[in-house]
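You will see two complexes here that share subunit A, one where it goes with subunit B and one where it goes with subunit C.
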Partner chain A sequence: MNNDNILSDLVPIRSIHYKPHLCLLHFPFLTQILFGFLLFLVLGAFPCEGKLVIDVENPNLAKMPISIQDFVADGASPLNGSDLAAILKNDLYVTGLFQIVEVHAPVTPNSTSEPDFEVWSRQGIQALILGNFHVRGDELVLEARLYDVPLRKLELGKRFTGQIGDHRRMIHRFGDLVMERLTSVPGCFSTRIAFVGDSQSREVYSMDFDGYGLKQMTRNGTINLSPEWSPDGRSIIFTSYLNKNPDLWLMDLTTQRLFPLSTRTGINASGRYSPDGSLIGLSMSFEGIPKIYIISTQGQIIKRLTAGRGNDISPTWSPDGSTIAYVSDQAGSPQIYTVPVSGGQSRRLTFQSNYNTDPDWSPRGDLLAFSARIDGRFQVCTIRTDGTDFRVLTDKGSNQDPAWSPDGRMMAFSSNRDGKTLIYIMDAKGQIQVPVSSLTGKGPAWSRTSQ
Partner chain B sequence: MTISLPRSLDASSPSMLILSVSLHGFLILAIVLASSLLPSRPKSIEDGVSHVKLVEPKEGAVVLEKVQLGPVKTGDLESEEPYTNSDVQNEVSDTQRDTLELKVANSHSTDVIPFQKRKKPLERVDALKPLPKKNQEVEAVKKKPDPQEFLEKRLASIRKEVESRKTDTSSSAPSRDPATSPALGNHGSKHGAQSTSEDSARWFDGVRTRINSNWSVFRDTIKLERFTIIGVKIAEDGRLVDASVDESSGDPVFDRSAIRAIFQASPFPPMPPEVSEKIRKAGGLALRFTPSGLQ
Partner chain C sequence: MLSRYLMHGMIVLLATLALVSGCSRKIVRPNQVPQGPVAPFGAGQISEQELQGVQAELRIVYFDYDKYSLSPEAQTALQYNAELLKRVPNVNVVSEGHCDERGTSEYNLALGERRARSVVDYLVGLGIVPNRMTTVSYGSECPVDPAHNEAAWAKNRRVFLRVSR
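Right after this comes the complex of A and B.
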C-alpha cells in the first residue's frame, strides 16, 4: 500500500491529468476557440473588401459667397435695418475671406419664416445671414441667424438684448460668432485699436476696430507714444513726456488713474506685455545706449536681454513668450533680431532692406510684421520667423507701425497714402486695405480682448 | 490508484503533438475562411448602395445659445452706457424650434452599420483607367504621417493590379460568356467589359469634377496633410440621398466644407448600372477630401 502510494505520487504529472479523450477535446479546443475568436475580431476590423473611394484634392481658394440681408424691424424703430446689415458686411469684408453678394431677398424674411434655400442656392450663395430687431423704449432686441445654404440648415442663431446705443456691439459680437462657426477661429470685431493722435498734443485715443466709438484716453497735453493694451484689457501702458522724460506709464482703464512704471533716466520706450501679462519688455537707456530689458508689471528690472554696441529698441514677444524680436543697429543699419527670453545669442532675421523697424509678432506665431524702407518710403512687410518668405504688403505712400489683430487675420498700420496720416486696417495678405480712423494718428495697438 | 496510459497517447508524445497542430491548423483555416467570407455578405443594401450612417457632426442641430454680453465695467473710460439688461434671453419660439429640427440635413436613420463595417478599408476609384472587376481592394486607409507618400504607394499598387487584370480579363472572359463561341467570345466580351468600364470611369470622373469645382476652403486655415472621408449614397437617377462623415479630419469646419461641396454638386449624372453594381459590391461609395492638390 505504502509503496503504491509513493509510486503513484511519483507518476509524472502529465499522465495523471490528461486522459486520452480529454487530451483531444480539452486542450486544443479551448485554445482554438480563443485563438479563433481573436482572429475573427482582427479580420472583422480589417475585412478584405471596402468602399469605393473617389479622391477630391483641389479645393478652390475662392472667397465664400455670403449674403447679408437688411435686418427687418418689427414695428417703428430709430434704427435702420440696412445700416445694421452694413456693419456686419463691413466686418466680414475686411477679413478678406468673404465675397459679399448683394442679392435682395425674393420674399421679405421675417423672424419665424425660414429662407427659400432653393432660391439662394441658385444664386451661388453659400452662407446667408438674416436678422430682425425691435425697439421698445430704450431697449433693443436683436436677433440674427446664419444659414448654411448648401446644407439647408440654420447654423447659428443669437438673440441680443441691450440698449439702442449698443447695436454696433451686438452686430460685432454676432460677427465674431459667425467667424468662429465658418472658419473655426473667432472673429475680432469686438476689439478696439488704440493709437496716438498726430496733432500738436499727441494724446492716446482708442476706437472700435472699424473706426467707430472714438474715445480720447489721455488728456495730459504732452507727447505720448507707443500705446500697448494689457492682455486682460484692463489697462494700457504708453511712453509719455509727462515728467519731461520719456517714461513708461500705466493707465488703469477702470479708474483712469496713471501710474509710473519705469522712470529711469533716458528713454523708457515701447513697453510690450508678455503674452501672459506677467512681464513687460521695453527699451531703456539708463546704462548708456538703449537696450532691451524685461521688467515686472510693478516696474522692477528682471533682466537685461541684449548687450553689445547697438541701439536696441521696439521689442515684441512671440505668442509663446519664449522669444523677443527687436530692432538693433549693431550691424550698421536698423535690422530685426530675435533673442530667447531665457538668455542666449541673438539672431538677425532681416536682410531685405537697409532699414527695418517696428516689428510685431503675429498671434499665430508664424509671421513677423514690420516696416521696411523700400525706395525711400516705408512699407509694411511680413516675414516668416525663420527669415524666409519676405512679402511687401503695401505700395502706396508711406506705411508704418503694423499691429496684428488678436486672431492674426488682420493688421492695423498708419499710412499717409491719401495725404493725411490715418490708421488703416488690412487682411494678413494685404488684399484689402481700408482707412478706419477719423483722426490723423500713428502707432496703432490692437487690443487682445473683446470689449 | 495508478493511472496507466499508453505512452503513445500522452499529450507530449509526438503523435499527439502532430494531431494537435493539425487540428489547430484546420480550425484556424476554417475561421479565416469564414471571417473573410462573412463581411462580403451584404447586410443592408438598398438601391444598390449599402447604407452607411455614421457619427454626424453635431454642429448641425443649432439651437439658440445663451450669449453672455458681459456687463461693461462701470467707470471704464472705454465704455459707453452699460447694458441695462445683461441677461440675454435665449428662448426660441416653438415654431422656430420645430423648423430647426426639420432643417437638420442628415437626420439619423435607423440602420447603423456596426463599428467593424465602418472601419473597412477603402478602394480607390481611379476613374481615368478602366476599373478592375474584382479583387480591387487596395491597402487600407490608415492615418499615415505623409498622405502624399501613401497615395503614391496606392496608385502604384493599383497600376500593378490593372496590369495584371488585363491578362486576367482575357483569360477568364470565355467562362463569363458561355453563349458565344470560345474564339469569338474572348474578343467580344473583352470589348464589352472595356466599354462599360469607360462608362463607369466617365461617371466617376464626372462626380469627382463636379464636387471638386464646388469645393472651397479658406486660404488661411489650410493644412495640406488633413483629410476627411465622406460616405455618400447616390440614387440611380443621380440624386444625392445622403452624405455623412465616415472619417473626420478633426476639424468640423473642414468636414463641413466637404459635405457642402457634395450637396452643391448634386444632383449627379444618372448612374450607369455597372457603377451601381460596383458600388454595391464594394459596400458603398465614399469621397476623400484633401487639399493636397494645392501644393
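Right after this comes the complex of A and C.
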C-alpha cells in the first residue's frame, strides 16, 4: 500500500521501568524495606498541603514554576540533550499550567547524584526535571526524573529503552506521566491529530500533537473530509468522494484497507464514534433533508435522531454516550442543539451568535467547544452544557473546527490568523495558542489513544 | 466559425476527461464555457459534442449567503434550463451544490445538498422527470474562484447542472 501506516514504523518501547527511588536500588532488599518504612514515617510528618499538586479546578490557579534541565549524555551521542529537554518544555508549556523557568544548574548532575535542592529552592522552583541518556548503536536508554523541590524528594523516575528514533515518544511518554503525577490525569502528549490537507487535494494527514511525525493517511486524489479516530485508535472514518458521492468510509490503520460504511444517496457526512466505539452518529440526506442518524459500526441504520425542516449536521457525543449535540438551521441560522440518544425533544443551546457550528463535546463532559461567527469572522468558543458561561477563546483571524484533546485540557483548531490556514493547539482557556501543522489544513480530529 | 465551435467543444471535452475526482473546480469557470447557439437535437442518442453544447447552454444558478431558497433570477435561469432539458429527453443531469468558503466544511456540505435539491425540486415542478436528476453536494470544497472576497464568494455559491447521457 502506498499509505504510510502511522503505527507500522513505530518500534514499541521495549521496557518502561519504574524506579521507585533511585538511591534505594543500591541497597539490599531488607534495608530497602527498613528505609522505606523510615521514609514513610518521616513523610507522614510533613503537612500534606506541601505536596506537589496542580489543582486544575482552582479558578485562581497560579502556574507552577518548573525547571527542565538539558538532558545529560553519558558518552557520545547523535542526540542533543537540550533538544530533548525542549520537547518536554514545549509539552508542559502548551498545557498552560506551567511557568517554564530557564535557570541552569551550577553543577551538571548525573544519573546517580541528587540535585542540590537548596539552589533550586532559592530560585522559586517547585518542580525540577532532570534527565540523562546514552546511545549504543541504534539503542537509546533514557532516564528522566521529576523532583519535588520544596519537599526535597523524587516524585517520579522512569527509564525508557528503545531505538534512537523513539526519543520523541519517550519524552512525550514521560510528560504524560508528569501530568498524571501532578494533576491525576495523564497528559495527551503521546496522541496524534488527524486533519484534512487544505490545498489542491483534500487528503487526510496525521501528526503528533506537537506537529512532528507528519504522515499522509489517504492518497486517493479526491476530496476527503471530517476524519475521526475510532476510540481504540485502530481505524479512522472519514467522508470521501471516492465514488463521486460524499460517502462515509473506514480505513483500517493496520492494513490500510478501506471499507465503505455508508454510501446512501445524498450526503453521508460528519461521522462521529460514540465514546464506547459501538455506534456512529452522522448526517445523511437520503430521505431528503440532512438529518442526524445513528448507525452501527457495520453501517446499518439503528435510528434517525432528528426530524423537522432544518439541515442537521455535525453530531458530537457526550462522554457518557447519552446525548448528542449537533448543528441545525431549523430556526433560520445554524445553531447548536442537544438531543437524547434514547430519543426525545431537541433543545437549543446557543443564542450568542447567528452562526454557530462545529460542536465538540469535551471529554470531561462539562463544556462544548464550537465555532461562532462574531463580527464577520469565526472564533472558537466554549459554553457549558446547560447553555451558560459562553466564552470566546480566539480573536485573531478566523478560527474553526475545535477538537478536544482526550484529557480535555487542550483543543486543536484551524486558524488563518497568519495568512495560511494551519492547525493550531491551545489550552482549554485559550491562554496559549500555537500553530503545529507544517501543512495548510483544517478539520482536526484528536486521537483518543496514545501511540 | 465551425472550426472555432469544434475547438471550443474539444476544450470542454478534454477538460471533462481530465476530471477524475468529481470536483468540478477545473471546468466550470464561467468564462471558459462557450456561449454558442444550441444546435437542434433529435429524440435519439446525442453526440458528445451535442451533449457539451447542452452543457454550455445550461445556466448556473446562484444563491445568497447561507441560503438555499431560489431568488427570482435563479428561477428565471431554471425556467430557461427546464425548457432546454425538455428538448433533450435523453440527457440526465447531476445537480451539484456548492457554497462559498465561509462557514465550516460540514455545515456547508449540508447547505450544498439543500441547494442542489432546491434546484431539482424546482425543475420537477417545471415538468422535468425526477429520475433524470440526481444531487451531489461539494460543500465549499470546489470554488470556481479561490479569492477571498465578496465577488468570488458570489460566484462560488452556486448549483451547476452537469449533463450526462
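Everything that follows uses one rule, which is that the second predicted complex is superposed on the first by the 391 of 451 C-alpha atoms of A that agree within 3 Å, B and C clash if a C-alpha of one lies under 4 Å from a C-alpha of the other, contacts with A are read in each partner's own complex, and residues count from 1 in each chain.
Note that contacts are C-beta pairs under 8 Å (C-beta built on N, C-alpha and C of every residue); 3 or more make two chains touch, one makes a residue touch a chain.
All values derive from a computational prediction rather than experimental measurement.
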Which superposed partner A:183 touches (first subunit B, second subunit C, both, neither): first
Which superposed partner A:226 touches (first subunit B, second subunit C, both, neither): second
Partner chain in contact with A:139 - subunit B first, subunit C second, else both or neither: first
Partner chain in contact with A:428 - subunit B first, subunit C second, else both or neither: first
Partner chain(s) touched by A:246 [first = subunit B, second = subunit C, both, neither]: second
First, second, both or neither for A:443, with subunit B first and subunit C second: second
Touching partner for A:314 - first (subunit B), second (subunit C), both, neither: second
Contacts of A:270 with subunit B and subunit C, given as first, second, both or neither: second
Most subunit A residues touched (candidates subunit B, subunit C): B
Common interface residues of subunit A - those touching subunit B in one complex and subunit C in the other: none
Subunit A-facing residues of subunit B, complex: 1-3, 5-6, 9-12, 16, 19-20, 23-24, 27-28, 31-32, 34-36, 38-40, 52, 59-60, 62-65, 67, 69, 72-73, 75-81, 83-85, 87-90, 92-93, 95-96, 99-100, 103-105, 116-117, 119-125, 127, 137, 140-141, 151, 204, 207-208, 211-213, 215-221, 229, 231, 246, 251-253, 256-261, 263-264, 278-279, 281-294
Residues of subunit A touching subunit C in the complex: 196, 202, 221-223, 225-226, 239, 241, 244-246, 265-267, 269-270, 283, 285, 288-290, 311-314, 327, 329, 333-334, 355, 357-358, 371, 373, 378, 400-401, 442-443
Residue numbers on subunit C that touch subunit A, as the complex places them: 20-23, 66, 102-107, 109-111, 113-114, 117, 134-139, 141-142
Touch list for subunit A against partner subunit B, complex: 4-5, 7-8, 11, 14-16, 18-20, 23-24, 27-28, 31-32, 35-36, 39-40, 43-62, 64, 97, 111-112, 114, 121, 126, 138-139, 141, 148, 150-163, 165-166, 169-170, 173, 177, 181-185, 192, 206, 213, 215, 217, 253-256, 409, 428-429, 451
